[in-house]
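The next block holds one structure in the form of structure tokens; read it before the comments.
First chain written, first letter: the chains are A, B, C and D, and each begins at residue 1.
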Amino acid sequence: MLKYRTIQESAFEANMQLPALGLVIFTFGNVSVADRKLGAFAIKPSGVPYAELAPEKMVVVDFEGKVLEGTLRPSSDTLTHALLYKKWTDIGSIVHTHSTYATAWAQAQRDIPIFGTTHADHLTVDIPCAAPMSDKMIVGNYEFETGNQIINCFKQRKLDYHNVEMMLVGNHAPFAWGKNAAKAVYNAAVLEEVAKMAWLTEQIDPKAKRLKRSLIKKHHDRKHGPDSYYGQN
Amino acid sequence: MLKYRTIQESAFEANMQLPALGLVIFTFGNVSVADRKLGAFAIKPSGVPYAELAPEKMVVVDFEGKVLEGTLRPSSDTLTHALLYKKWTDIGSIVHTHSTYATAWAQAQRDIPIFGTTHADHLTVDIPCAAPMSDKMIVGNYEFETGNQIINCFKQRKLDYHNVEMMLVGNHAPFAWGKNAAKAVYNAAVLEEVAKMAWLTEQIDPKAKRLKRSLIKKHHDRKHGPDSYYGQN
Amino acid sequence: MLKYRTIQESAFEANMQLPALGLVIFTFGNVSVADRKLGAFAIKPSGVPYAELAPEKMVVVDFEGKVLEGTLRPSSDTLTHALLYKKWTDIGSIVHTHSTYATAWAQAQRDIPIFGTTHADHLTVDIPCAAPMSDKMIVGNYEFETGNQIINCFKQRKLDYHNVEMMLVGNHAPFAWGKNAAKAVYNAAVLEEVAKMAWLTEQIDPKAKRLKRSLIKKHHDRKHGPDSYYGQN
Amino acid sequence: MLKYRTIQESAFEANMQLPALGLVIFTFGNVSVADRKLGAFAIKPSGVPYAELAPEKMVVVDFEGKVLEGTLRPSSDTLTHALLYKKWTDIGSIVHTHSTYATAWAQAQRDIPIFGTTHADHLTVDIPCAAPMSDKMIVGNYEFETGNQIINCFKQRKLDYHNVEMMLVGNHAPFAWGKNAAKAVYNAAVLEEVAKMAWLTEQIDPKAKRLKRSLIKKHHDRKHGPDSYYGQN
């Protein structure tokens, strides 16, 4: 059907950016793009190399995870995407990668400390790392529960997914999202760069201190506050 | 003879992927591809730069290491390949590189700990590092004994080469294999990426803990178990 | 107006070098180029991706920060550039990036120690890292005060901006400058490389010592002294 | 004169390989190529960017350092090259870079330990790091004395420049050489790769042990000994 063509094309282009930005090798990641009016999202098919992708191969799924269009099996992470779209009602795209530096922080089960303005330009808190999931969640509906783990982490920490558009799942890897595919992919790349910088910062000074509040607020406000003056609006 | 043409072409293409994937510089690696019906494998000629390779330059050897076809001398590691093909009767391709991060773990004589799902997507145990070889083995038939060291390491640790398709030889470098060339090269690249992530994980937390059993099982089963749902089958 | 065309073209070309040299991702940096006779400089527009830049999109600003030509909003860092041009009366170009290794040193709030001749070929002292700014400066005219922080750092340390053409702002990121755009961009790239080498040096020997005076003087003099013999003059 | 054309072309091509192999940025390195019958070598002109090089711009110099042909000033390191050609009478090419990892070891003033077979495939000892030069040598004929420092380091350690074709000058950077340009450039790239691997090895195990003698001997002999069987000759 042609009605899903726009999100299929958008998802295809966004998926192709992941290897171009150095965020994935082989099939280590996936992007989905949602259309809220249609109640559906398009996502990468499972295990298909990026070089073999095409817009019409993107699988269209509803927010319960039911396939609406496409002959290929959708990404094995589809239920995680579906739950996030269902609960976070105004995000338009989700990116999951195993990008090297962000994944290392996830494997170490540590939040990424806010050490500089590069980080503060994008969010005002440490990048959260959700705890590894309970055994019960893992043996249950694993990918669906991964979505729950992400949402519960944000609830417990009183974080707003509009302000914090990236996070780590402990022992696993990063997720990022945004209002559209360009923003979600941007966030995934920023997360990887900030993860590398934070690792290096601790290498140079193992007792490096977090950025002070005034500087966090300033850098965030000039880009995201009501009086922001970054960009062209 | 034309009967070896298929494995020569496959071996040529696979060898050319090593520099493209950043796994080798100059002549630091080799791939072989076997045809079980013909009882033979094609392997890179020794010391020839990748840019000068061609399918017809691949040397064809039997599983005792005897050259069947080709005017060039085969890779100096040929007897290691031959022994692995002889003992592990259903592998179709072997890759040997000196890729940077995997080689560093081999030089440190350490297994690569299973820290995350990226690792568990491919195997359920630490990536084994065989002990450096005994002086007797080294001064003997060195490359043949390297094959024995690999096989003995798997026997002692009760590992199955179908489930663990990558390993390190202590003080030396990595080996990977698979049912065909694409899978063997894929495994060599995954090993390098997992080696880099594991190093970074210990940098970020020197006391990082291994992935718990339930998560290892889940990630492995969804990709490799009887009820796997990753990929398109 | 055509009178600003030369600096717009120069600023465009210099900005395009930043991603080519691996110094920025997305919009993480900006270059400006000044014309002293015109009392103006051309600078990257704020938040515009490098791929969408063009000479005519470069915004022309005077040394008080007032826009003279251009319909786009100039870089949010414009007032920092303006103040440096005003106070340092013979620099012709300024580069600001968030390049990975230099930014990590800034986040660790450390000067980059002079460990080798690569560093001494360019300056004879540690690369200075200005202290993070006071809360008062941050909530005030932030970008203007960033310029003051840089200038005050040089005054306090009795450094000459002709001899030291690169520095870090604590918790933030690097700045570099030079007589023209080519030199300023060169300095930004040298800073990143020296930052990486210094980090590695401390990794290899945490107690590594600074270069001795005689060697610093020799390497600097052969390139910059009155009897210099490096290059073609 | 046409008689120097061969070494000029060879030096040009070898110099162009340095940025292609990631061993230099900007003008951070130089290659020379000698013709023993002509008693001359061709070397990169000083401070000229690689993109502007051409065979006819290579400067021809004798083994005392006197320019024989060329209108440009030769590399500032020319006297180091000249002395090495004069004293080591059968090397055909010399490469000097400031490649990142090798330079970091030089800045830490440490020999690069022999940790694996990648190293042993090329030399049987730690890669030597000459002590920083005395103040007297530095204020004297610096580049000439750099050559002396290299030669004296080899004498003191009883090393043979035929067997050890790479080294570090403390606080400075690496030098490599070989019978021809291809071998010298190869050695410079191998040195950088081995330097990176050795750094990583110590990161993974700070107490990593050197390769044992039997393995060093085996890997060296199979590539370089009288009964070598690596390569095609």
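We adopt the following convention: contacts are C-beta pairs under 8 Å (C-beta built on N, C-alpha and C of every residue); 3 or more make two chains touch, one makes a residue touch a chain.
These figures come from a predicted structure and were not determined experimentally.
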item: Fewest hops from chain A to chain D - one hop per pair of touching chains; value: 2
item: Copy pair chain A, chain C: interface residue numbering same or different (half cut); value: different
item: Centroid-based (C-alpha) most distant chain relative to chain B; value: C
item: Whole-Å gap between the CA centroids of chain B and chain C; value: 46
item: Where chain B and chain D are represented by their mean Cα positions, the distance between them in whole Å; value: 33
item: Multi-chain contact residues (two or more partners), chain D; value: 203
item: Graph class of chain-chain contacts, one of line, ring, star, complete, other; value: ring
item: Chain-chain contacts as defined at top; value: A-B, A-C, B-D, C-D
item: Chain A to chain C touching residues, read off their complex; value: 115-118, 186, 189-190, 193, 196-198, 200-201, 203-205, 208-209, 211-212, 214-215, 218, 222-223, 229-232
item: For the chain D and chain C complex, residues of the former touching the latter; value: 25-26, 28, 45-48, 72-73, 76, 98, 100-101, 103-110, 132-133, 135, 138-139, 142, 171-173, 199, 202-203
